[in-house]
Amino acid sequence: MIRVGVVGYGYWGPNLVRNLADAPDCRVSAICDSSQERLAVARHRVPAAATTTEWTDLVQDPRVDAVAVATPVATHFEIALEALRAGKHVLLEKPMAATADQALRLIDEAERRRLTLMVDHTFVFTGAVRKIRETIEAGDLGEIYYYDSVRVNLGVFRSDVNVIWDLAAHDFSIIDYLLAQSPCAISATGMNHVPGGVENIAWVTAFFQSPLIVHLGLNWLAPVKVRQTLIGGSERMIVYDDLEPSEKVKIYDKGITVDNGVSPESLHGLRIGYRTGDMRAPKLDTTEALRTATLHFLQCVETGRQPITGGCAGLRVVRLLEAATHSLRHRGRLVELEGGSVPA
Amino acid sequence: MIRVGVVGYGYWGPNLVRNLADAPDCRVSAICDSSQERLAVARHRVPAAATTTEWTDLVQDPRVDAVAVATPVATHFEIALEALRAGKHVLLEKPMAATADQALRLIDEAERRRLTLMVDHTFVFTGAVRKIRETIEAGDLGEIYYYDSVRVNLGVFRSDVNVIWDLAAHDFSIIDYLLAQSPCAISATGMNHVPGGVENIAWVTAFFQSPLIVHLGLNWLAPVKVRQTLIGGSERMIVYDDLEPSEKVKIYDKGITVDNGVSPESLHGLRIGYRTGDMRAPKLDTTEALRTATLHFLQCVETGRQPITGGCAGLRVVRLLEAATHSLRHRGRLVELEGGSVPA
Amino acid sequence: MIRVGVVGYGYWGPNLVRNLADAPDCRVSAICDSSQERLAVARHRVPAAATTTEWTDLVQDPRVDAVAVATPVATHFEIALEALRAGKHVLLEKPMAATADQALRLIDEAERRRLTLMVDHTFVFTGAVRKIRETIEAGDLGEIYYYDSVRVNLGVFRSDVNVIWDLAAHDFSIIDYLLAQSPCAISATGMNHVPGGVENIAWVTAFFQSPLIVHLGLNWLAPVKVRQTLIGGSERMIVYDDLEPSEKVKIYDKGITVDNGVSPESLHGLRIGYRTGDMRAPKLDTTEALRTATLHFLQCVETGRQPITGGCAGLRVVRLLEAATHSLRHRGRLVELEGGSVPA
Amino acid sequence: MIRVGVVGYGYWGPNLVRNLADAPDCRVSAICDSSQERLAVARHRVPAAATTTEWTDLVQDPRVDAVAVATPVATHFEIALEALRAGKHVLLEKPMAATADQALRLIDEAERRRLTLMVDHTFVFTGAVRKIRETIEAGDLGEIYYYDSVRVNLGVFRSDVNVIWDLAAHDFSIIDYLLAQSPCAISATGMNHVPGGVENIAWVTAFFQSPLIVHLGLNWLAPVKVRQTLIGGSERMIVYDDLEPSEKVKIYDKGITVDNGVSPESLHGLRIGYRTGDMRAPKLDTTEALRTATLHFLQCVETGRQPITGGCAGLRVVRLLEAATHSLRHRGRLVELEGGSVPA
């Protein structure tokens, strides 16, 4: 039986509580929120959990084995660090921390204490993203050419982080899981339309040491919700639409063929042909992603294994978020990432 | 009766010929293509037109009053210049020319000879784009915040121009028509995935001397066709989906409200509220855009009036294409445009 | 404080419990299900409620003021009757009862005891259906010509009732709420594809004493889920798509115009023109329908007012279900309904 | 070289002319229309064709080998009969004739004179319908359970024929091509909403001597265009959406499994399970259907072979149209079809 304390019972916290409460051999033993009103709701739904407005109490509570943190990102580091120091395993909402330095220190703390530190990169636990990874690993796409995602909606504006920290965190965690490479450089553009606010619209390009290229469109001020990702490969291409009720992943047997024996006098030089075959939408596991994620966390706590989305994955995502925001503030200036070199 | 000679009878030429032939007081008197096979098709469909493989013959033909040019962009300048020198009015397919210099020289030649020079920025003549302009001019959107377009498909790869010259030409001509301002700087990223080819995927951001921002996603190697543009304003927002059979333009009465009197202690700082009202899809004129465009060209020839999409509009588009390609080749490096200054 | 006992904790029961538990001045005091496993889940989620496998205990429980019944329709009559006899108010899942006679006896029992008897015709409590009724009542559609609904999915096959009793109950309750008239005759066709099963696919036409006509397509064995209703009027027409995430109701300013002065010699007789105007998707109340329904029930219990979907509405729906099933078993034979006369 | 005369140059005639003109070894030698205005258009487009307002002239014209008839259905019989008597092959637009008797007499005339008589059941020549037939013939669907089609739009109201004759003709020709059986009985309902008009909305059910059932929804007064057909089989199910730009046919590996060993005490009797697998959208031939149809006609004329959609197919469709209209006029009364017996 793992007893989990949840810090933050606003938007995402209740989902964490529900999934933890439904998990076998797990109990939600404490809930913290700064709002008494939210705590009243929590008590109504989980009468057995202790409630408090002070996270410092919760992380010290001896009835708590692990702490799940669903608070604004600015507070992640402090809460997680205290929890780790108190010997608790930690599940952090994404993004892991406000800076790469903070993320590094949490990784360090968890490793020294041999505690589980996991970041809830939820999409990594969806049937859709897992099927896409399977497809890529089976070689079905051939060489990956691009990952191009549009993630826009009339969203929950935040004042603490910009749209990149809010929305790109999803895509960065997905590409971290899907692709064998990490970006070597980032260019981002965007704009803030709210006086005194942060950037509410942004586009991010990530370069790799190969012809692979990643692009994200992010927008909190869109009239419609779009969650569509195109993944192009030399052999096949994928459309991943997270808003589709059932066929979220469609694999197209489409591509180009290059004809080298083209006559040189052709003006248009149509040396390129098209291949079009069937489209296939594979059956997906429909388990709620957060259920899979929380079970994975509990299992890692139990066994001591490293989570799929552990501190290092969290750190890599935070580094990309930092680089993208830096580029954005300089209107697209290329930001190189350590551990990579920019393609010539 | 205006007698038009058409140079280029490949993909777009037949559409030009069909619309010109259907126009009142107009006759297609000559057709030129380098392929005898294409000319045979042309003769079959327009028996009354003279046919030739030499454009130099056509532009000198005394039976020709105006020349419509639907050839690869690299040849636009030479053909148009000879036609203007021969005293013919000229309708050029987009983009107008391969360089801004060429475009300038054509504008100059046409002005000195008082001949009509028009660029077929087809989308400007669609009912959808015209309705969007009406909506903007009526002030319904409020201040324009962004124009964000996705224009991707498994497309006709070209070897003469990259995906920006092919596809962004559409969006640049649309924003030139819709927006009161011109971009002051451009940042673009992209990639080429075909050995020896040109860039087949690209993203372009255009900055203005205001919080307005424009972004384009362009891709010749996409598994599905997408033609979707989001236009965000302070009062309303538009979704323009050119693939929708009837409701191509949807106007959403949505936006944000900023509450300045927010309590400072709020952690999330949710000072921003949302406004959601009705959506309206206005009735659109469904006349074929190319029909409207060719009629406009013929009318300008007749009256001597300046076309909506005259040489200067063509030049502005070419300048943006040049700047975007330059930025693309330098991984997003900001390219400032004369006549504008980059926002601080 | 109204204390509600819920009978049936299978598919729909938990939704009832959740909404009742969230309602102010209401408590779920008892839950009954024949499965101990389901009761364990119930205890986990609502520790304060008494649980039992015997509905007869629950309806006699003095701690229960009202009984909500979410069991198979065959059991509705017996449970509801006992509950009413024990002085409890009753909320019945749709359809109200297995026969019109049963429905009548429940109405009678509730009236004599002055108890609230409500049927959970959930769709009547959606923002979409309420907006459609508003639109109709404002006269925006003009004369209503037809209501044509497709309600299909790969559904939960039932062995106790056929697809009409399962799915048409929704549409019958919607038209009962939307339309000022009741059907005067029914014709239905369909088929059973499962050995020993009930009809899993059916189509129902309802006639009225006016040119209004209603048609339903119902299917438990469809590869995709469809929930689309077209409502045609002389002035405007509606598309109601319940699967649309936000614009569920679209009002089209479309129709025909009849030109009586047409020349009689015209062969095609195209005396009919088309009117096409804007489309409008009104903003909808997004409150969960079951929340609105349970609050309405509690309010009726409190005030003694007649529910919008009271016993009489439930009875009218059951009569249509009976008639449709009778016609279905006779391959479309017209079944006239008392209180109506078939149009000549 | 086959010389074809086309009677009727209204809506569909120009499509016929264009495809015949593009066909190898074929020439459009004459065009007839009652409107001089339409003939002027025809002359403009096909200068080589003779034009006349009298179809009696055209069918006697020695320069005509075959006659294509695109006039209102009421005139099909007379024109086709005269053409056959004059020794011309005949291609008739759907539906073949106004009555089954007329269709029979045309079949007889063509057979006696050994002339080709074909009905342009266009959908039979689409890549989509051909792929569906392939899929069915390969046994991929298993036993066919149902064909359920919705074919609605704000359509061209006709005064000569009702919506069944106009729209159901398509579906009847498709099922005639797809299914190995013919309907044994028909039930139809519908309504006319235009004073003095014909039925503009209708639903048709066709029964077979097996559990197969066919249903059609037809509507000239719908706010949106829908062309969606569900085809259910014991092994797989198809969604055929003719308005989809590319994936018109989707094959779902879905179905039910019947568990006979179910415990008898289960109240809901959920003896039925669900099977969900991948979805596949096969690549389709995108040749214009009318091109394939006209080439087939010309080939049949050339070789003397029987067309796929010959007179007998045309007759079967007309019989279904007659039966459906008869049932419609009697509010769903079952109409049995000769050569079939109604399932008990």
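First chain written, first letter: the chains are A, B, C and D, and each begins at residue 1.
Keep this in mind: contacts are C-beta pairs under 8 Å (C-beta built on N, C-alpha and C of every residue); 3 or more make two chains touch, one makes a residue touch a chain.
In this text the structure is predicted, and so the values were computed from the model without any measurement.
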item	value
Magnitude of the superposing rotation for subunit B and subunit C (Cα, nearest 5°)	180
Interface numbering overlap (same over half, different under half) for subunit C and subunit D	same
Distance between the centres, which are taken as Cα means, of subunit C and subunit B, whole angstrom	51
Averaged-CA centre spacing for the pair subunit D and subunit C, given as whole angstrom	37
Whole-Å separation of chain centres (CA-atom averages), subunit B against subunit D	41
Interface hub residues of subunit C, defined as touching at least two other chains	224, 276, 279
Pairwise touch network: line, ring, star, complete, or other	complete
Subunit A - residues contacting subunit B, complex	10, 34, 71-72, 75, 145-146, 148, 150, 152, 154, 156-160, 185, 187, 189-195, 197, 201, 203, 205, 207, 211, 213, 215, 217, 219, 221-224, 230, 232, 234, 237-239, 250, 252, 254-256, 258, 267-272, 274, 276, 279, 327, 331-334, 342
Residue ranges of subunit D touching subunit B (in the complex, touch as defined)	21, 44, 47-48, 224-225, 243, 245-246
Partner subunit B, residues of subunit C touching it in the complex	247, 253, 276-283
